[in-house]
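What follows is one structure encoded as structure tokens, with my remarks underneath.
As written, the chains take the letters A, B, C and D, and residue 1 is the first residue of each chain.
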Amino acid sequence: MEAFSDGVFAFAMTLLVLGLRDPTIGSTNSLFQGLLGEWPAFLAFGISFTTILVMWMNHHNLFTYIWRIDGPFMLLNGLLLLSATLIPFTTSLVSDHLLSADSGTAAQVYSGTFLFVALAWNLLWQYVIRHPGVLASTVSRDEIARTTRQFIFGPTLYIVSFVAAFFSGIVSLAIVLVVLAIYAYYAAITTIGRRTTESI
Amino acid sequence: MEAFSDGVFAFAMTLLVLGLRDPTIGSTNSLFQGLLGEWPAFLAFGISFTTILVMWMNHHNLFTYIWRIDGPFMLLNGLLLLSATLIPFTTSLVSDHLLSADSGTAAQVYSGTFLFVALAWNLLWQYVIRHPGVLASTVSRDEIARTTRQFIFGPTLYIVSFVAAFFSGIVSLAIVLVVLAIYAYYAAITTIGRRTTESI
Amino acid sequence: MEAFSDGVFAFAMTLLVLGLRDPTIGSTNSLFQGLLGEWPAFLAFGISFTTILVMWMNHHNLFTYIWRIDGPFMLLNGLLLLSATLIPFTTSLVSDHLLSADSGTAAQVYSGTFLFVALAWNLLWQYVIRHPGVLASTVSRDEIARTTRQFIFGPTLYIVSFVAAFFSGIVSLAIVLVVLAIYAYYAAITTIGRRTTESI
Amino acid sequence: MEAFSDGVFAFAMTLLVLGLRDPTIGSTNSLFQGLLGEWPAFLAFGISFTTILVMWMNHHNLFTYIWRIDGPFMLLNGLLLLSATLIPFTTSLVSDHLLSADSGTAAQVYSGTFLFVALAWNLLWQYVIRHPGVLASTVSRDEIARTTRQFIFGPTLYIVSFVAAFFSGIVSLAIVLVVLAIYAYYAAITTIGRRTTESI
């Protein structure tokens, strides 16, 4: 189950590279000028890659709270994977349109996908905490409350980013980047150190 | 063996995203109009993704009935994987043609692939129950009969969907969606809860 | 190590689907006519998919003969993976050119890739049997001789297929198909039944 | 964690094949002439594939030095994976431009990516040796010093290759190839033999 989810996350991250394209095709620019002009594609690649990386770290942390996996959990986890799989598509949209007249729409679709991802996280988490057979009994009320707060934080800021996209695509992207930085910092400090297989 | 099959299912699910394409290429529509007009692609993406997800859940359930894997089992399992690998191709066909004059053909190919998938499941299952060394001895006659019925249900409805495609591509797709909903509900209630690696 | 190789095999198999393309793009044919005319693509997809599947089965069988993996083994195994990774490329070449004037060249490249794969197998196997620390001591002389014969059979027939491609691309493809059928049969009967993780 | 990194390396290696393209599209050359003219693509494919393979071998060797994985380690490991994921993109750039006027830029981007990869390795390693809880206590000062030297060697030579690209793309590529040969030789002799799962 975890291995399968890991596979989808790893694969979605690697597929992002297909959104980077040779800028000289159908253009008279030199390769150098073309690559400079493609900065939105590199920025979006970095944001999306790191977001999926942090999702994967959170996914592992989530599993330390799980005692038993059942059918509805698998389907809700599948919804989370579906939302993650959309990221390479919306990343290439924002890459190609951030500097065009469609900048706002592209940024709305991009932050909208992250909003979808964040809502899928909340659905999965709400299912877990309402089913004692799924949630490990060792998890304290405090841990549940803290994690619930952490999961509500995401959709809130992605709504801000979504609304901001009506005014400026670049501002919307900047907000997504800030959310990512906060989550990455949080994941870095809360991830519990684990012994490696080699050293056990 | 299970890990290898999991890998193919996970890759096939993630590759579906390549069927979603920037709608403004070769078009004068705005990005927003283009994405609205691409609804068959999003619908087909969702159906195909969830179908492979449910296949993967059933694949895991199947393995609880298996005692020993042998060569013919591996080849028949390979046929199942081959059928699943075709899904990203036929999904992009139905995405691109559902609203065109070729709607019927596209829906026939799409439901035909699911029919192929369902037949591969039946071949694999029939092989399993005819080989006592492969089937776990703990599986009761009742469980075998119930699972056999469950596997026959799929091809029957996919034939209906295939025939319906001669009249309307959208009706055919709707039937595929109904089959998926039934299988997803069934997978959700029958999947046996499993303890996670973390909690063992 | 095995998991990594499994990943590359599974991924190469799934990537084959990208060689199947919508036949109506840049054509006035109906979808139905187009798909019929694309039969070489479906044939090549099936051959390549099954060849990698059988490679994967043989790879697992090989590992039952291995006691210890070292650096040169990993590099030679990497050469085998490199040859397998080329298959989606040469499959799409033969799909697109089997019915054109370049049919011979395409079939040479296709059977040439399989020849490369078969030579990589032989290199890996020769390394294994010349290094007692790598080969498991439980493997008998008879088993070594039998496996060596099995590995020499492949390149021999692929050379025949390669030469045949100078006369007819389709005949060359037919020989590749026959080799595959022999190997698949052989893999089916020699694969040792293994208990699944579930039932242990 | 290792499995997830393995997945990204395996996917990135396999995705390289998408950089090999049918040379007859948009050209009047025969397939044979086209493939001959595509030699930079095959050369770059081989270099990139083997570089990621050696990275993967080194990644496994690194894990024998690790006692405990924590959050910052995961993020720095993610940076390494991000750099590896860029390789299929820069490989296709160098494939398409090595013989054009943009040869220098393409080779700078290509060796620049390997420089990025090598710097990510050094960052990860420096983090490991500065955190006793992460580094296994069994690793001697000598081993640390030797590995540190090995990791500094990479960026140094990639800077040479990057600078050489201002004069000649092909010379730059040749230097990358030499670095790879040295690392592959080193990985082959230092990889500690491991027993396989089968034989345990």
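Operating definition for what follows: a residue touches a chain if its C-beta (ideal position, glycine included) is under 8 Å from a C-beta of that chain, and two chains touch if they have at least 3 such contacts.
Here the structure is a predicted model, which means the values were calculated and not measured.
Chains that touch both subunit A and subunit D: there are none. Superposing the C-alpha atoms of subunit A onto subunit B requires a rotation of 90 degrees, rounded to the nearest 5. Separating the CA-averaged centres of subunit C and subunit D is a span of 26 Å. With each centre defined as the average position of its C-alpha atoms, the distance from subunit A to subunit C rounds to 36 Å. Within subunit B, the positions touching two or more other chains are listed as 3, 7, 11, 15, 18. Arrangement of the chains shown, judged by which pairs touch: one closed cycle in which each chain has exactly two touching partners. Pairs of chains that satisfy the touch definition comprise A-B, A-D, B-C, C-D. Here subunit C touches subunit D in the complex through residues 1-4, 7-8, 11-12, 15, 18, 63-64, 66-72, 74-75, 78, 81-82, 85-86, 88-89, 92-93, 96-97, 101-102, 105-106, 109, 133-134, 136, going by the rule given at the top. Touching subunit B in their complex are the following residues of subunit C: 3, 6-7, 9-11, 13-18, 20, 22, 24, 30-32, 35, 46, 49-50, 53, 56-57, 184, 187-191, 193-199.
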